[in-house]
Amino acid sequence: MEITKYLKKPSSYIMWLLIIVFGIVGVQYYAGYISASTAAIFMDLMKFIGIALSLAVIMSYTGYVSFGHVVFFGIGGFFTAYELSKYSQQILQGGNPYTIFLMGMLIGVGLSVLLAATVGAAVLRLRGAFFAIATIGLDYVILYLEMTYKGGAGGGEIYFNVSRPRFLEETYFVFFIAFVITLIIAYIVKVSKFGYGLAAIREDEDAAEVIGVDTVRYKIYAFMIAAGLAAIWGSVYSWRQFNFTPENFSLGISVDMIVMNVIGGLGTFIGPIIGAFIYYIIYRLTNTYLPQLAYIILGIIVVAVVSFLPEGVAGLIRSKFPNLRKYFE
Amino acid sequence: MNKNLAIALAVVIIIIIAAVPILMKQGGGEETTEEYGTIKIGMTISLQGKYQTEGKQALCGVEAAIKWYNDNGGIEVNGKKYKLELKYYDDQSKKELVQSYYADLVTKDKVNFLLAPYSSGLTLAAAPISQQYGIIMISHGGASDKIFSQGFQYVVQVLTPASKYFESSLKLVKEQIPDAKIAFIYENSAFSNAVMQGASQIAQQYGLQVVYNNTYEKGQTEFTSLVQEAKQAGANVLIGGGHFEDGQILINTAYNNGWHLKFISILVAPAQPEFAQAVGDAAIGVAAPAQWHVKASYSPDNVPSGYVWAGPTKEEWLQAFHEVCPDIETPAYQAAEAGAAIVFLVEGIKSANSLDNQAVRQAMNNLAIYTFFGPLKIDPDTGKQIAHPMIVIQWQEQNGQLVQEIIYPPDSATAQPLIAPAVWWPTG
Amino acid sequence: MEFISNIIYGLIYGAILGAVASGLTLIWGVMKVVNLAHGHLAVLGAFLAVIFYKYTPITIDPSLSPIIAFIIGALFGIFFYYTSLHVIVGKAETMTLKVEMSSLLSTFGFGVALYGLLYYGSAQGWYLQFEGLTGWTIQVGGKPYFEILGVSIQYSWLVGLFYAVILIALVELFLRKTVWGLAIRAVAQDSRAVALTGYDPVKVKLLTTVLSTAMALSAGAIFTLYIQNGINPDLEHFLAPLSFVIVVLGGLGSVIGTFIGGLIIGLAYGITMALTGTQAIALSVSFVILVVILLVKPQGLFGR
Amino acid sequence: MTYVLELEKLESGYGETQVLFGVNLKARKGQITALLGSNGAGKSTTLWTIMGIVKPWGGKILFNGEDVTMLPPYKKVNIGMTLVPEGRRLWPQLTVEEHLIMAASIPRSKERAQEILEMVYQLFPRLKERRNQLAGTLSGGEQQMLAIARGLMLNPVLFMLDEPSLGLAPKLVQEIAETISKLRDEWKLTVLLVEQNIHMSMQIADYAYIIENGRIVLEGTVDELKENPMVKKAYLGL
Amino acid sequence: MAEGDIVILRVEKVTKRFGGLVALSDVSFEVNQGEILGLIGPNGAGKTTLFNVITGVYKPEEGRVIFKNKDITGLRPHKIARMGIARTHQIVKPFGDLTVLENTMIGALYGRRHGHITEEEARDIALDILEFVGLKEKADLPARILNIQEKKRLELARALAEEPELLLLDEVLAGLNPSEVAKMLDLLRKIRSEKNVTMIMIEHVMHAVMNLADRIVVLHFGRKIAEGTPEEVASNPEVITAYLGDPEMALKFVKSLKKG
């Protein structure tokens, strides 16, 4: 089959390594060898890699920098929280929250993909900064609409309770499944024929069109996939936090996504992953040792990377070690 | 060749990752011995981030209460003496950190009881852990009613829930202003919404007339439209607010647009000492509901019927507070409510005469105690606080100085309420 | 009645927002740098107004702070240009999509750092969150406002409005009547021809950045005349997105257009507020306008 | 014979592509020197390199005997080197007068600004009529005049023109040619003219170079070159 | 014309305007299968615009473009590409971050066999073509580090990988030095002899066009001013005027040609 073929390429090795490592950590956590706070580090890493890759499909692969990508993250989270709180009584009486969670997630992902398709058809005609700004606009429209939601706790906030005997351990695997799905989808998108088309669009949209790439359709597909992946992460994030707040629509999350992609390097599958690791390390270090300076340091790093390392860390590795290129797609 | 190398490398890495925690687990065995007779209380608190000021206060309040108990012979449970020990982590005001730290507190540090983190959002993030392991968690900074409608069985509240925030203020309005026409202008957030839902119900109950009811969004700076609409609706009492900045701007806008008001009570901002500096003379007459104030005089001398005195007196607690946190001049309400959480927990343990969480939780249902923080009593089903009243503080002018006075409840009031101050209600 | 007052407030508000956006239209329209740090720069200006009033040995009245913020902003603009723009746009003759995106990302990074600095500042000694501007109003005859047609208008708004108009008029005059203003406009249209006419394009770009930054800081100080209180780093989340809306609406590079764009956004806000009474809807209307304009007339209402 | 401009083994290119392979060229004082060649032969690149817009890779540029190889373009303008670029490169949103004011405001021409302006208006009366019109609304011929006028406002010593006849009707080409002659005869400028229109260049130039694939393949006075079939070959590739 | 000549592309009365500027005015010509048509004209004559009209980048205001008896006017470029028209660009547009092989593969994947080709097949085609154009050793290098003539070859490879029936070449010789021009000409001849592709080439290097093209179309100010064999065109006074600027000289020139 087509797909299994992709999953045997050398460039997939790193992905498999990640899946195995995070899987082993999960098993150890479930068996009680690893503390919750250590496991939380891995969960955070999964989330960072996940949201970075979700944006990468449109920003890094296709070249369209979306500053409002968080809108899909938020929609996924909102509908998950909405469903879980709607059926809270059932859950409290011992109902299985996972079916409801899955339902909420599917609604969130579905609506995100739908929104991406409809809005994308319009805004993807814009290039460069105009697209970025239109997506910011989109995020604010949805955010303000969401804030008028009077259900839940009011002010657009929704609380629910899905506590279970081994909630944390189970949640690790919820993250893990989302992680595996994201990695595989993002990877296949990158290395498939579709990915070549997206790369052509990123490098030169007009040339791509003339060569035979249906740029309009491809951009929309990429946007839909990116939206769907972001929605999955919004969904599992809500699940873990027991709530949804309008802050899940805040541009700060978009900022995280963009910074990880920029640091890691645009145009690759491995870039956002490396970016997420580096970002996470910076994030933890600054939070631990220089909490007040975290943003200052991050900002300086972004400026430095954009100015002096435009290809990002992955680009640096790829150009310094051409032999590794086939592993670092 | 290259491929084999890569696979070999991967296998090595995987083995290392798999082995490390197991080895570490065998190496570092941590056993808890009962010979010290300690009761471990765990919490995370925000020493960084947006709740850092409140977090520091709360931590000092807790430590002061613990110190008082330990200095006064500890606690006797089932014939054995125990001292209290606090284990805390800094959650940096971040939801993500809360869950893992609480899980660690329970599984690694093996604490007996939990205190919640500061704020409703963080409390909610920690609640699942309490539920999962069946450990009591006392909420001292989470006012939202919604926490207590989610079916968490071990979460217990010591502070007044959001729905009761304006009860005292509205009682004042009903008593003092017969022709009151109320405008509700508040932030569109879960907390303010909950507060206002409660306030609306109470106003209805009291038969007060509400002529305007609207919200503004977080981070807003434009209040003129709302203020003008409310003014034109003929409102003469303003109830609302949300946070610090919006509170200031709201008051400022109301004042600068010539809105004549007899009484104002808004959330949070006026409770801060800096408020008067921020809005100047417009602060006169502005009131705020507060959980507690250092001038409040709850003492063993005025215990109402049905309650018993428990824990340190205000003076004792203040003294302990200054010993553990000499750098903080005046404890704020966050410190008092956190201290009261310890008192409530200890009284629960004493009453159950056991360290078993289920037993203590049962015992708490029957507690009715009067503390330096005021009366405390919980709803057995939800763990929600039902006895503690809000006090109302108001900015007043004394000898040319702007000061905060308590105007409600009457038994701990330090001044008469100022209704229709000349600044806001110019006559003629 | 309500309708009229909402429209009047909307217009005043919009004019002041237009001032905030006008610096952005300059750097975006002229240098093709989509300055994502612009909102943070404006907040810095607002902070300066507070600092001058409260934390300097000599108290400077906020009604003067737009002027001082402009001067400091000019100096800060030099720093801004050399730290985050020069490497990327200094040598670039044409702003290709790649350069444009790089500059977008680097100004974004600068903005994040600046936000961090302001945040750090608010958490440290010079804590401004609570104190904002301390009880500051302009009063005439003991009252901070006057009424016409039953609509009350604050004097300090008029001062802010005055500054907004002056700022925009001065910048427009500078662009039209001075040689360097001509050079700034010319660089937007053809940068190489500017070099061939004896002007250093780097200098022109630096000047543009400096002017834009000075305008941002000054406008931030003007904004404090409107809200007078509650200055905090998060104000950016509110200023920057609206600035983008206004600039796109008014047309890139058109200072006057931006001012009018600000008025339109203010008007739209006022009307929706009057009609729906819900701030969330009134706020989202601006962004709906943004997306529609981008799709229908991306060069803006007054764009060339 | 004094040379205003001397190129010695000039090399340059874009990115990794070399375009000029050692160009030697001299512009004689007070004369019109033409640089001729087919499309893509390196004519414009030569001018860009002289002005410093394209950085020289090797060789020397002497202006009035001074080495100016590495000066940035705007400094070259300020010592009297002026290029009227191909395609005019006006600023469509600026008026005619604004173009001229901007050029006249550089230190070099500030003092003589009024004087030159009058001379320019005398040369192009049509520009005076349209001085408040936006450049973008001018006709092709007027745009070319404005481009030349803008160059003249810079008070040049060496006046370089890149394909001034491009895209103009024959009648206008003639007009431009006459103008360029005037610049030599009345304004006493040294002119370096790059042209595809071989006829026009031959008509007014004193000396000419033929460039092919980044190398000067032929040079001589115009009379010498006129009958040389190499010239045609360079153009039509026969 | 010889029997068996099939018209592969017919441009009928195409007019394209940009604002007030008429870039193409009433241009008509035909291209026969298997021939090389040269398209020449001074700068700004509308040659590249014509390519853009044929490939669907621009939609003409008037006129039609017929490819293999199908009206392709106004179709989106990718559709036209998939029908078998490939092109190169005057300013090369390689996908810089991708490798040479990937660039070429994209051509194969999205070209005429779009949708009916696996990645392996595309890779094989791409490798063949790269060998054909002499870039095989560079297959795994990122395209951006190639030099200009390699980039030109890559553009050609990418276009050929689409397996087109009609190939539009926009100044493939521009910017090359003489020895590179010679090599490129060899390559073009090889394409002609081995690939059975019809070509239209825009070119300024005259001796190349004159050498290679079967017929030549001359554009000037957006109008077709001449069409014919290279010899016919080179001796057309109007063409020479367009190039050299002067009718008298043109006449002289033509005379000299006739003599020689």
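Letters A, B, C, D and E name the chains as they come in the text, with residue numbers starting at 1 for each one.
Criterion: a residue touches a chain if its C-beta (ideal position, glycine included) is under 8 Å from a C-beta of that chain, and two chains touch if they have at least 3 such contacts.
Small disclaimer: the values here were computed from a predicted structure and weren't measured.
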Worksheet entry | Path length in steps (a step moves to a chain that is touched) from chain A to chain C | 1
Worksheet item: Which chains make contact with chain C and with chain D at once?
Response: none
Worksheet item: Given the touch definition stated above, what is the smallest step count connecting chain B to chain D?
Response: 2
Worksheet item: Comparing centres built from CA atoms, which chain ends up most distant from chain A?
Response: D
Practice prompt. With chain centres taken as the means of their Cα atoms, state the distance from chain A to chain E in Å.
Written response: 44
Practice prompt. Round to the nearest whole Å and give the separation of the Cα centres of chain D and chain E.
Written response: 32
Item to complete: Averaging only over C-alpha atoms, locate the centres of chain B and chain E and give their separation in whole Å.
Response: 76
Worksheet entry | Distance between chain centroids, defined by C-alpha means - chain A, chain D (Å) | 55
Discussion item. If a residue has to touch 2 or more other chains to count, which residues of chain B qualify?
Written reply: 188, 215, 217
Worksheet item: Among the residues of chain E, which ones contact at least 2 other chains?
Response: none
Discussion item. Among all residues of chain A, which ones touch two or more of the remaining chains?
Written reply: 144, 147-148, 292
Worksheet item: Every pair of chains that touch: which are they?
Response: A-B, A-C, A-E, B-C, C-D, D-E
Practice prompt. Write out the stretch or stretches of chain C touching chain D in their complex.
Written response: 93, 179, 182-183, 185-186, 189-190, 192-193, 195-201, 304
Worksheet item: Tell me, which parts of chain B touch chain A in their complex?
Response: 2-3, 6-7, 10, 13-14, 17-18, 21-22, 25, 48-49, 92, 95-97, 99-101, 103-104, 107-108, 121, 124-125, 127-129, 131-132, 144, 146-147, 150-152, 187-194, 197, 215, 217-218
Response to the item:
In their shared complex, chain C is touched by residues of chain A numbered 65, 122-123, 125-130, 132-134, 136-138, 140-141, 144-145, 147-148, 250-251, 255, 258-259, 262, 292-308, 310
Item to complete: Can you check the complex and tell me which residues of chain A touch chain E?
Response: 192-193, 196-197, 199-200, 202-204, 206-216, 267, 322, 325
Worksheet, complete the sentence: The answer for chain B against chain C in the complex is residues 52, 188, 214-217, 219-222, 224-226, 228-229, 232, 244-246, 248-249, 252, 255-258, 272, 274-275, 277-283
